[in-house]
Structure formats: structure tokens, C-alpha cells
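Given below, in the form of C-alpha cells, are the structures.
Below are two complexes that have chain A in common, paired first with chain B and then with chain C.
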Partner chain A sequence: MSQATLRVQKISGHAGSIPGEDTQRQYTVAKLVDTTTCIGCKACEVACVEWNDMPFSPTTFDNTYQTMPETRWNYWNLILFNEHEKEDGSLMWLMRKNQCMHCAEPGCLAACPADGAIIQYTNGIVDFQQDKCIGCGYCISGCPFNIPKFNKETKRVYKCTLCTDRVSEGLEPACIKACPTGCLHFGSKEDMLVLANQRAKQLKDNYNFPNAGVYDPQGVGGTGVIYVLHDATQPELYGGLPSNPQIPLMVKLWKGPLKWLGNLAMVGGLIGLAVHYLRFGPKERVETPHEGVQP
Partner chain B sequence: MSHADEILPNGRVVRYDFGERLTHWTAALSYIYLLLTGLAFWSPWCFWIAAVLGGGQTSRTLHPWIGLIFSVSVINMFSKWSHQMHNTEADKQWWRSLKHYIQNEDEKMPPAGRYNAGQKALFWSFFYGAIILLLTGLVLWFPEEIPWSFRWLRYVAVFLHPVAALATIANFLIHIYMSVFAERGAIDSMVQGDVTLHFAKRYHPEWYKEIVGGSSAPRK
Partner chain C sequence: MNAEGVGRLFAPLGAFADGPFPTFYEPVESPVDNLIHPKQTNNPIAKKFKSAADKYGSPKDGFDIVCTTYRLTEHYHYWTKNNPMNVQLVPEPFVEISEEMARERGIQGGDRVKVESARGFYIAKAMVTKRIKPMQINGKTTYQIGIPIHWGYRGIAEDEGKTAKTPANMLSPSVIDPNAYTPEYKGFLVKVTKV
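Right, the complex of A and B next:
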């Protein structure tokens, strides 16, 4: 991965300070996916496989326009398809390009115990470093979007890198470059939000989608992939997009209060035993192994 | 081959036979490995332990296998000792006198049998802790096999595994402190397998009575 021009701001499983933190300011980048203009052509899927040098992946035909049920360790970008029946009985084909959301507060990174296996760059990209991954799979439990995927042969976890190697060289991600309808955009998060809100307003005012809106969930601090949805009140319709994604409560409890209580208890326990020995000593001061009390 | 509770010619009494000692030390060594690698996964400040033990990947690969060895030895100890671990009326008295036990005023303690109430509690919490660690550990071993709709299993496992581990760490610290530091002579019972009659009489008077036949009540 090209890290030369990117600065790190968060490191998984890391004790101490972050080298180079705050030495450079960078734009927070974001992908904008306008689901209302996606035609489900899969050009982004192919571009992803091509650019990232991943092998052919067997597809599953299930009578829909979806390539396979979910992303794989070597298939990071998948358009989820849903034939949605509206209240008036008419149908809508909902297409959502699914990939890593590059959360501002990534659950994978919070759950990861391996130093440096997951890093977040100053520009917001969350990236897995497979050479440091220990294959524990905790990131799978930390992610509210079902993104990290385990490879049984290499025993490492993989996911979308948001094309760090391209972005660090000033290029847009491969999926963006391939999109023929212009439903994919890439730029600073700020600009993408402006563009997304404009499009949502257009959908409300001119296209009879009163619930149109932007998906940028705050439960994970906002995401590096934002969606324009025809109906932002029902994100679940779009391939199960969670309406309020959070780092799972159990993961938060484990990495938060349990950790502090546990550390306190372990250190306190050791000190307590040492103090007990100093205060009371052994139960019997002199061991007399040969005394042999006879019956 | 000497048998449990047998009084040897040198005046010592057998407390643990070879099978019991072997199981105990299999559990002990595997537990120490699990503790060290587990601590490495628990906190970034302990991750260096994984480096010392061959690296993060090696530790992650071996931890579950060693966990299986630990589980088997715990189940083996359960089958050997659980029938001796039932709580009695005297054990309730023992807990009420815990303060004296902590202050080394053993003469004020109600007489204990082969195991005192504290040892029994230790046995059960180690046993149930190990069962929880085994069940949650199996989920954590293969997280990629858990379908998305059963993800709650992973959430329960990532939380309960360290909770149970912390409970066993509390046991572990107390266990080592008592057997190595506080009760001089106790460690012999698990190494050579025997203790002095004096030890038996002092710490396990009811057991002592049983061994010597109960005819002569032991003097203080």
C-alpha cells in the first residue's frame, strides 16, 4: 500500500502515541453513491476486481440482478439488488453499491487487538494491513456493516481499501472511474455532502420523492461512503442498510468499562495479595516437614 | 503406586495420585499459555507478549488448540474431584468465619474436610469459567462461520470470553498465592503428591480424622 503521501490518525491495538499524528492536514475524502441513478451495470464491481488484481470469483444466480449474496474476501464491491413493491402496487428496483463504509469511528479498528493491523488515515480511509493482521476476526464482530471477510488460506481479513494506492497518488478510486451513469462521485467529504443534499432536494422538489435524503449515519461518526436514497426513512430496503448503525454494544462494553474494570481488578488483586503477605504472612511461619504427627 | 489418603511409611499422607497431578499440571501449563496470549489480545500494552511467544499469528493459531487441551484437563479434573466438592452445612460456617481465615486465625475456623469451602468455591468457579471460555472460545475460533443473522453469538462471545477469563484470573492469583505462599507445604501435595500429617491435621482436620481412622480425636 502506498502510505508515502498519507498520514495516519488512528492505529488498532496500539499502545502510546501515533507517529506523525497531526503533522499534516488532509481533506477527509468520501464517495458519494447516488442510488437513484444507479442502473446496476456492475462496471464498478469489475473495475474493483481488475484494479485490485483479484481472481475471477464464482457468481450466484438467484433470479435477481445481484452477482452474489454478499461481499467476499476477494470481492469487495457488490451491488445489492432489491425489488421493492410500493404501496400503490408498482415496483421499484433498488440498487445499492455495497462496500466498506470507511466509518469515522470504525468498529473494526476499535475491536482489533493487533498493533497496526487496521489504520485510519488523516483523509478518513480505513485500511487493513494484512502483514500485521493476526487473523482473530474481531474486526468482523466490530463492523456493523458485515464488511471484513476472512480468507481461510492466508488466515487474514480483507476489505475495500478505498483504493488508497490510487487516492494517495491523486487519482479517484477504480469504481468511481468505471461508473458510466455518473451515479458515483469522489471528492472531499464536505463537497460530497453538498452535492448529495442538492440531489436529494432535486428528488424531493421535482421527482416526487418526498422522503429522499442523504445517508451519512452519525452513530459511527459519519461515513466515508454516503448515499442518496429515494427514501431515506427506510434504508433497510437497500440491501439491509442499517438505519442507525453503531459499534455493537457488547464490543463497546468489552473495549470500554470491562477493560478498565478488568485492569483495575488484576492490578488491585496482585497488590492486595502482596499486601496481605506483608501484613499477615504465611499461615504457618516454619514448615516442619519431618514432624510427622503420629496417630 | 500410592493411593489417595494412604499414609506412607515416612509419616506423610498421599493427597493426590499421579493421574490427578498430571491432569492438574496439564491444566496449569496450558492455562499459563492461554493467560499470556490472552493478555496479549486483551490490551495493546500486553501485545509484546505475543511477540515473545512467536508472534501474533502464532499466538492466535495456538491459543484455541491449547484451549482444547485446557478444557479436556478441566473436564478430567471435574470427573476426578467433583464428588468431593459438594457444599455442606460446615461450609456455610466457614464462609461466616472468612475474616479469621484471611487473618490467619485458623484455630477459629470451623474444621474443614478434605477441601475447605474456599477450595470448593475455587473448583466450581474454575470449572464454570472454563466451560464458558470453551463455548465462547469456539465461536471466536471461527467467527467467519457465524452467519450474519446469528451475529449476536459473536457479540455475546467477545464480551463473555474476557469476563470469564477475568474470573479465572482472580481464581488463578488466589490459587497460586494460597498454595505457594500462604499455606507452606501445600505445593508438595501437587508435586510429590503427599503432605505431612501435621499439614492434614492443621488445615483439614476432618480429613485427618478420616485418614487416621477417627479413633483418636486429633489434639490441637
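Right, the complex of A and C next:
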């Protein structure tokens, strides 16, 4: 963010405090998706494709209004359409804008072995640097939301950037700008949480959704995309949103204890080799007489 | 409140072609009779085209399904079928049918169905959905289907031969409201068969 990178620290010939000093608020950014006011118009999908200059993505009819089954390497933002029958038999269309969640503790970043291929900015945006990507696809297995997608042609992995190019200029992401119902909001995480909780309370108090709540899963340290859900106790209804997303155990083990165990085994092996050499010396060649060989 | 103790209704003279006050009429093609006006089911002065193609069907002839047409948020009339950005959002025309009707007729989502009215036919894939429910009319289960109108003639999918080139309004009747001149494209009768 430009305001964040150009924050005034000292001012020459200036009496008193520096304007804005100590009033700097937390500037982790967040996107708020109020699923209760989404009408499924897909304006955000088109805005995403157009802003990021993505090519036409061929689709086929699949017995649903949903554009495609899941996001693609060149289609980062997808509204999931879920027809949900309530207990009283009435129908609800649960629509969820599916994109990168920009986790505070990203599973993709933890799993990635390439130096600098995945970075997290101080404002919370998780961004893939395709020029440093080695195409191993470990980020795909590290993501609990099935977001990073592999491009077979470039052998790189792509996903939503939360419009870093726009956000760094002080603009909102393209999807937010396109939303006609005001179901999408963008701002500091702090503000978005306040807004989300206000909306959830409104749904509980006035709209007969006693289970309404905010989705900001702590299993991945909170996310940069938070949802207001009609029924926060059953996020799975919204196209398989995990109720408690975690970085997969294998990634955790392999990047944590197993990594050190591996390092220990390697260093230990080398030390053992050296000690063995010092103690017993080089292996001596034993001459064995060849039988039946005439000089 | 007026002096006489009841409310008044006012309609300017000559404002309505079909009487001083609007009343309820069934569509020209309807599965039921008009309960308010048993002798006059539909509007007697509705404007009707009178060509040989303007025929009407009734449940007796096997046209027992109510059909409606509508638009989608992703498309705009018949223009956007030429715009890749809109075509990727909704690539093909479809016919929305209820789960109950699909079960009864053995139709799966994605099957091609032929929708036939007294005037023409339309072939597209079936979208089986919970959103359209069968209606109970006079104690009888009546199915309804819905067709978005955005395809036909030429477009990206049509030119690639992926979809039928005929428009959905091949089905609808050319019957026009005498006051508002709105064509009756929102309610007519069809047959549905799997192809």
C-alpha cells in the first residue's frame, strides 16, 4: 500500500508531533463477502477476468448456473451456487464467492520449497511470484481451500493476487468495485470484522437467522477474506467451505520436525563418516590370489 | 374515508380498452378455467395474430405443461451471445425443469429435451433444479418449466454448432394485451419429451 510504504517518520523544522504518528492503525487488509446479499450475477467473475487480462475460458453446460466446477489457473474468482432446502421445505440459494482466502498462516507458503515463490506482504496479501515458481505443485496440496491451480503450459501455479497492483495504489480489488449489491467490502481487517459482526447481529435479530455468523477460521490464523454466513455452524453447505481448515498434517510434519530430523540425519551421517575414518582409517584393500590364472 | 363510509376507485374514461376496471383473465393457453369468469376464461379483446402459424394448444391436445420464458443476469437480450465474456458465464441455452417432473419423465440434468407448443418446438439441455416446484392447481399436479430466451440464430455457441439456432419465442403465442401491448410470453402450454 502506498500510504503504508510512504509513512512520514521525521519532519524538518516541525514543532509538535508528526501528523498521524501513533495513530497508525493496523493495516492488514481484508475482503468481506456478505453471502446473504449476493445475487449471483457474476459481475465479480468478469471483473476479475478482465482486470487480470485473462483469456476466454471455454465452459460447458453442467446442470447448474455455476460457471465451472472449480476455479482455474486463469479463472481465479468463482461464485458457487448451492441449492439448499431448509428444514421447513423452503429453498435457499446459497451463493459463495470462491477465491484465495489470503490466510494469515498460509498452507501454500508453508509447503512451498522454492525461495521467494510465495510471499506474504505486511498487509496480509499472499502472492505467488511465478518467475520464482518451480512448478512442483506442493502449494496445491498445502492449501485447505483448493485454490492454487497449475498451468500445464507454463508449468507454474496461479491464483488470486487480491489485486496487489490495485491495492498498492490505494484502490479496492476489481471484484469489489464490480459488485452491484454492496455484498463485497474491502478495507482493514479490523473494520471488516466490525462490519461483518454488525451484519451477523442484524441477521440474527431481524432476519430470523439464529445461526448467522462470521467465517474467519482460526485454524489458518484467520483469513484475509471473511464471510458472513446465514448459518455459520454449517459452512460446508456453501460449496464445501471447511469448518475448521488446517494446514495439512503432512505439510506441517515435513516442514517442521521431519525437516530437522532429515537435517540431523544428514549432518549426523557426515560426522559419523568422519569419526569412522579417524578411528579406523581408510579401508585396506585385501589382495586375494587369483586361482587358475597363468602369468 | 368518504362520506358514504367506503372507499372509491377511479378510472378515467377510456383508459382501459377492456372495461372500466382491470380484472383477472387466464392466459390464452391455460391448464385451468377462470374461476372468476367461468364463461370468459381469457381476455375477449386480446390482440391476436391471425396467420396460419398462430395456433393454440390445450391440455386436451397433450399440451399439459406450463412454460414461461425469462432472462438471465449474465446475458442481455440477444446481443451478448456474441461476447466471449458473457458466453463463458452461461455457454448454452437450457430448459429448467423441476426434480419431480424429471423423475417422472426419466430426464437427467444435461439430457436434451424437446419442448413443443402448438406453434413450434425448441431443443435444449435440461437443467433439473429444486427452484421450480410443481404447482397444485384445482387439486391437480401441474408442472412448470422455464426457458431463458438469450439464444438463437447466430452467436458464438450457435456458430460452433453447439446449440440449436431456433429462438425460444418459436414457442410463445403472439397474443397481446389490449392495454399495455405486452405479448403473452410468460405463460403458455407445451409438451416436453426427451430426445
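As a working rule, the second predicted complex is superposed on the first by the 255 of 295 C-alpha atoms of A that agree within 3 Å, B and C clash if a C-alpha of one lies under 4 Å from a C-alpha of the other, contacts with A are read in each partner's own complex, and residues count from 1 in each chain.
The definition used in the following text is that contacts are C-beta pairs under 8 Å (C-beta built on N, C-alpha and C of every residue); 3 or more make two chains touch, one makes a residue touch a chain.
No experiment lies behind these values; they were computed from the predicted model shown.
Participant: So, A:G262: does it touch chain B (first), chain C (second), both, or neither?
Facilitator: first
Participant: Just checking: does A:G137 make contact with chain B only, chain C only, both, or neither of them? Give me first, second, both or neither.
Facilitator: After superposing on A, A:G137 lies in contact with chain B but is clear of chain C.
Participant: Please indicate which partner A:S17 is in contact with in the superposed arrangement: first for chain B, second for chain C, both, or neither.
Facilitator: neither
Participant: With both structures placed on chain A, which of the two partners, chain B or chain C, ends up touching more residues of chain A?
Facilitator: Between chain B and chain C, B touches the greater number of residues in chain A.
Participant: If you stack the two complexes on chain A, which partner ends up touching A:N208: first (chain B), second (chain C), both, or neither?
Facilitator: neither
Participant: Give one of first, second, both or neither to describe whether A:S90 is in contact with chain B, with chain C, with both, or with none.
Facilitator: neither
Participant: Answer with first, second, both or neither: which of chain B and chain C does A:D115 touch in the superposed model?
Facilitator: In the superposition, A:D115 touches chain B alone.
Participant: Once the two structures are superposed, pull the chain A residues common to the chain B and chain C interfaces.
Facilitator: Chain A residues touching both partners: none found.
Participant: Going by the contact rule at the top, pick out the chain A residues touching chain B in the complex.
Facilitator: Going by the criterion above, the answer is residues 13-15, 70, 111, 113-115, 132, 134-138, 140-141, 146, 149-150, 152, 155, 248-251, 253-254, 258-259, 262-263, 265-266, 269-270, 273, 276-277, 280-284, 286-295.
Participant: In their complex, what parts of chain B are in touch with chain A?
Facilitator: It is residues 7, 10-12, 40-45, 47, 50, 55-57, 59-61, 102-104, 106, 140, 143-144, 148, 151, 154-159, 162-163, 166, 169-170, 173-174, 177, 181-185, 188, 196-198, 201-203, 212-213, 215-216, 218 of chain B that touch chain A.
Participant: Can you tell me which positions in chain C touch chain A when the two form their complex?
Facilitator: My answer: residues 73-74, 84-92, 94, 109-110, 125-131.
Participant: Can you list the chain A residues touching chain C in their complex?
Facilitator: 39-42, 45-46, 49-50, 56-65, 67, 83, 85, 91, 93
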